[in-house]
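Look for chain A in each of the two complexes below; its partner is chain B in the first and chain C in the second.
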Partner chain A sequence: MAASTAMRIYPFMPGGAAGSTKLISDAVVLSDLTGRPRFGLKGGGSAAWLAAQGVTLPAVNRIGDHRGMRVLRLGNEDILLLAEDAGETLAEVKAAWQAATAPKGYSSWREEGWAWMRLSGPGLAEAMSALCALDLRPQKFGADDIAQTRVGHIEAVTFRSPAGFDILFDVTASAYFARAVAAVAGHTGKHRG
Partner chain B sequence: MKLLTCPMNGLRNIDEFQSFGPVRARPDPDATADTEWSRHLFRAENRKGIVTEWWRHVPSNYFFLAERDLVSNEIICTFDASELRDRA
Partner chain C sequence: MNRLLAPFGSRIDRSQPIRFTFEGKPFKGYEGDSIASALAASGQWVLSRSFKYHRPRGILSMTGTDANALVQLPFEPNAAAERTPISEGLRVSAQNVNGSLERDRDAIMDRFGRFLPVGFYYRTFMGPRRDSWLKFWEPVIRRKAGLGVVDTKAPHRHFDKTHLHCDVLVVGAGPAGLSAAIAAAEASVDVVLCDENPEIGGALSYGRYDPAILSGLLARLESLPNLKGLTGTVCNGWYEDNWLPLIEGNRLHRTRAREVILATGAIEQPAVFRNNDLPGIMLGGAAQRLIRHYGVRPGQSAVVLAANDDGYRTALDLLDAGVSVVELIDPRPAGEAGPLEAELRGKGVAIRKGATIEAAEGTAGNRHLARVRIGGSWIACDLLTVSIGQAPAWQLPCQAGGKVGYDAAAGAMTITLPQGPVHLAGAVAGSDDLEDAIASGRRAAAAALARLGHAVADDPQVTAKTIRPRYVQPIVADPKGRDFVDFDEDLQVKDLQNATKDGYREIELVKRFTTVGMGPSQGRHSALATARIVAEATGRTVGEIGITTARPPVGPETLGVLAGHHEALERRTAPHARHIALNAAMKPVGAWWRPYYYGDASSADESVRQEILAVREGVGLLDVSTLGKLEIRGPDAGEFLDRLYTMAHANQPVGRVRYCLMLNEMGSVVDDGVAYRMAEDEFYVTATTGAVARVYADMLFWNAEWRLKVDVLNLTGAFSGLNVTGPKARLVLEALESDIDFSRDAFPYLSGREGMVAGVPVRVMRIGFTGELSYELHCPSSLAPTLWDAVMAAGRPHGLRPYGLEASRILRLEKGHILIGQDTDAITTPDELGFGWAVSKKKPFFIGKRSIEMRARLGLTRKLVGLQFPAGARNIPGESCLVLRGGAPVGQITSVGYSPSLGHHIALAYVHVDDQAEGSRVTVKCRNGELVEVPVVAHAFFDPTNARQEI
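This part shows the complex of A and B:
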């Protein structure tokens, strides 16, 4: 296994599995955050271990905050920490978890198993309504809500970010997802009478 | 479009779910004859009435239970598996 300091190749990077797929950047903008730090814990003991570290856990399908990290509660014992701008805090939590003794849950390996993409731009609402069947209007779907559903026909976790919607899904579907978003974006604004 | 209410995620397209069949008692390995094992493993009930089934919400990998009318195919209610344990 490569050392943890080794540079990881993510799908949209040169040499990655989706290296030749372009991310749309028009009325709808798709950006790739897959390389940003995150850490997921799952299984018995996960919630108790994080709570013991001082992490205030939100209810299931809600988002909390811990020292600049977003805390996503995907299930009773399925928690994901996203550290877009709090990599050091995340590294501390991760190091403490690695040094801890069980019960502490197990790593759900979200930093490699899941892609993390962000949809934004002026055409966002229309594109999102074509990609996802849920009612994601602000009055129905708040800033701390999580939807575990289908986005672009694949299983995904989606939630609001200041710029738009963040979407987490199986990293192996990266190229497919980028094409699905591009296809939907190509149709937005064209069917108005 | 058929809809199903997931106890954890709310009302969703039934396309997001996978059925795992009826809740059944496990045979006692020490007191079950081969014919009974064979029936348990290979034969499915085909009766009328209400069945309690396992379902899974695929995007969240959440398993729960649903009561379904086998004649009308109507889903009567859905609930977390812990409720069945509490009923017992």
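This part shows the complex of A and C:
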């Protein structure tokens, strides 16, 4: 598919599907990174092509680093590059991939299919415990670990970021997810009432 | 007032008075008081009436585990008065009374006890007819036997669930649990210590112990940041792999612990004698809790029944609280006097050994204890404390695989756990001494730490004090009865004895016949006595009798805690805000929200009609983004689809779109969609909105099974779909800036193209559900609002109208297009749908192939056909109305609606296979029972030659 010149509208932007939903910013802070650059490859040939570009691939469910991008290995042939602050590097990789001939894997369209949100704030640990059943204690779940699990009752990929936890999930559930996080944050300390 | 001065009353704040009512009368208490303690402070000892005989009942244990102290709150039945805190203005009433607590009309039942023998229910309510129990007796008894009343209009409360992970969970924060938690936390593992009480300390908080012990332990606890204390938190069960629900108020902590230490303590047991249930007779621990926790004097003039040190300590506590101790009765034979005995004697308390309480008598109406009989003579008193023994709190250990036994030499119940990640500490493990309990906690922590891989220094082997034999009360039925074994169910000694005489010798049968242990206390105060009675009556040992199975939950839990809080899942398509701006009536379709029609509710029918008209005569726009979208990529993509779907896809040319039909392994239709071959190794496949999750999962399953060179990607959220349909659809698309040639010849029906439309990369397919000229534009979701805007703008000169789900439903019905799941059911075959054309006869295999061939040999019994109701028909059957043949049902209506294009109602229905021919007339039973005759027509009601979609 050719590159687009048209305006992109993500759920929490004005005119987006969740545009009227407020993101909680209190003891728990939910921020939206859905519009940030990322690119994923999936299917046969993906890992080999990325490796040929000099990307060092981590083990499955681990995070690596390549020129300022986070390299998420979601499966043997399922790799996602997150470029929160390395958009140009990502654009280079993407352009190289588009120009390359097969085998080179296939786009996983994660930049379209998944919302990318970040949970942080002083109430982070309590909120995350309510949202996710996994043992996310620091000694059990490190900075380069990936959990493919459920967060807020929907399928999600979660991992640590310096500020808190990043969560990738079905973009169509963005408004729901913001509400679910707000509900969890609202319950903090209310349970004895 | 029965209030004591500080330091008694550790839980109450005397500066915060609280007013509440009980049975309509005003009472006063303090912040921190429980309902029972505040009432006791004001001299209100009767809290409830008993289940069967409606006898007055009051505080027994102060632990909140028995039926005696269950009360009704405005929005909550069966609240434990001994544990529920008072709050300003709280209205509390008694349960299980007919009239009022004070004047219970059913108190007369107490005189008719002999007409209510054990097993009365089973014997009496069997007849006279087979259904008498269900139709007559059960409703009557349910009205009489109520515990609390549920208020279905109670306001909503906030409940939530969270998850808790730790290395060691310690249940019970008494001396053993506390020392276990500290020892484990000192080894730097994550420890959670939970206790149902509002404070840490257990018996140390109310028993007669040196306060320095507790404060020393608390100081160590506070210095350990990796030790999390959860007070007011009930551990309500043990499940496989150390999964435990911890209930903290309205919050459920779903807890996973690597090691669990159960320090659940022991349950004091009542003594059995005539009228042992009178208010004023309580367990020693209850008196100590009243004094130390709440600063409440439990009586004025007490007799103390003490068969252990705790009883002697209780007597000393009573003296400290200003209660006059008339006499201490120790049923054990006279022996060497211990220091406690000496101290009591020093304070002038008379101690009688080798005697016991033979009976008690109450004040008028048995409202309070008046006197007890010892050695044949009556002694006046208003308080009798009972400390004759205890049973380990076996509920959690038994759920974790523990076996209950009985040490006849020690006279004690024992629990043994298999080697594993669950450990016992303290009284539940048999320690009956403070130092033993603390040491036992340390040992349990060491065992848990060793299993966690920590090198544990050998605990200097503490020689456990020789366990002194416990006192075992001989239980003899009182000739006049009212010697209660089970307070919840009003069961007396003779009831249990009679059950064994009736042949119910096994404890589980005794339980079912007598209901012993079935009440709110779940046998906490009756199981040991019951086992002893049954053992005695059947000539076996207590160990052979045992106790009944303990299952979760340990105590009552509200449904709200189990439910927690759930936000309703909601999925929105990318153009969601566009629909809202166009005043769409949004409706949920599964988790999705979709426009039902555009316009005001007042003109809904007209809006739908206009939307249909726009599609038939002009052009319409439908958001089809909820459709399942899948990409199948890889060298074997065609082969993969060939195996999954009924049509041929391996030979499908690039740029062509093919219908695809999916069967399950029994040959039933489970999904349909289209497959667009974008490249040799790449297909874009749609699935129905409701089925895509299942289809995707199945694809992953088969992909793993077949090991073809294929990757499956679910693009349902990543891509959005807009269907531009109607005779003027081509005009609209040609008005948009695009590199795609939308002309009929360049872009024929059932083909697909990739390109740019209005600056948006699109995948366009010439397919449609409406039967009109139709282009389905799919694009990355972030660009869908922009594409929507472009199409709307280009369509304006052509009268383009967005249309909703209802118009779409009618449009497809006019064409006889089926909806999987609505027009199909669990056994629908392609033949029943007339879809033989969609099933490849050449392919050697596809899922369901063998089954449909076998089912075809059985012959077709029904067929999906169109039904056309005459214009102006009065009675139109609804969906699921039966199609009858010779009075017997042979099928049903699956879809029905009014077609504005045709001017009458049309339906799809399964009819008998012999009625499938056009012109046959079938009988349909309407909702009101009327039978109507309807003619069968061809599937496509509108444009039967399908000319319009191919223009």
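Heads up, the rule we're going with is that the second predicted complex is superposed on the first by the 186 of 193 C-alpha atoms of A that agree within 3 Å, B and C clash if a C-alpha of one lies under 4 Å from a C-alpha of the other, contacts with A are read in each partner's own complex, and residues count from 1 in each chain.
Everything below uses one rule, namely that a contact is a pair of C-beta atoms (placed from the backbone, for glycine too) under 8 Å apart; a residue touches a chain by one contact, two chains touch by 3 or more.
Computed from a prediction, not measured in an experiment: that's the story for all the values here.
S.K.: Applying the touch criterion given at the start, work out whether A:Arg137 contacts chain B, chain C, both or neither, answering first, second, both or neither.
M.R.: Second partner only, chain C.
S.K.: Could you say whether A:Val184 touches chain B, chain C, both of them, or neither, answering first, second, both or neither?
M.R.: second
S.K.: Based on the superposed arrangement, let me know which partner A:Pro37 touches: chain B (first), chain C (second), both, or neither?
M.R.: neither
S.K.: Would you sort A:Gly123 into first (chain B), second (chain C), both or neither based on which partner it touches?
M.R.: In the superposition, A:Gly123 touches no partner, neither chain B nor chain C.
S.K.: Thinking of the overlay built on chain A, is A:Ala17 touched by chain B (first), by chain C (second), by both, or by neither?
M.R.: Only chain C is touched by A:Ala17; chain B is not.
S.K.: Just chain B (first), just chain C (second), both, or neither: which does A:Arg8 touch?
M.R.: It touches chain C, and chain B stays clear.
S.K.: Touching A:Ala173 in the superposition: chain B (first), chain C (second), both, neither?
M.R.: A:Ala173 sits against chain C, while chain B stays out of touch.
S.K.: Quick one: name whichever of chain B and chain C touches more residues of chain A.
M.R.: Partner with more touched residues of chain A: C.
S.K.: Applying the touch criterion given at the start, work out whether A:Tyr106 contacts chain B, chain C, both or neither, answering first, second, both or neither.
M.R.: A:Tyr106 contacts chain C only, not chain B.
S.K.: Once the two structures are superposed, pull the chain A residues common to the chain B and chain C interfaces.
M.R.: Of chain A, residues 133-134 contact chain B in one complex and chain C in the other.
S.K.: Using the touch definition from the top, list the residues of chain C that touch chain A in their complex.
M.R.: Per the stated touch rule, the residues are 157-165, 190, 232, 248-251, 254, 256, 565-578, 591-592, 631, 633-634, 681-682, 709, 711, 713-719, 754-756, 758-761, 763, 780-783, 785-787, 790.
S.K.: Spell out the part of chain A that touches chain B in their complex, as residue ranges.
M.R.: Per the stated touch rule, the residues are 60-61, 74-75, 133-134, 147-150, 155-157.
S.K.: So in the complex, the part of chain A that touches chain C is made up of which residues?
M.R.: Spelled out, the residues of chain A in touch with chain C are 1-11, 15-20, 35, 42-44, 77, 102, 106, 108-114, 126, 129-130, 132-137, 140, 152-154, 170-176, 179-180, 183-184, 187, 190-193.
S.K.: Inside the complex, what are the residues of chain B that reach chain A?
M.R.: 8-9, 12-13, 15-16, 57-62
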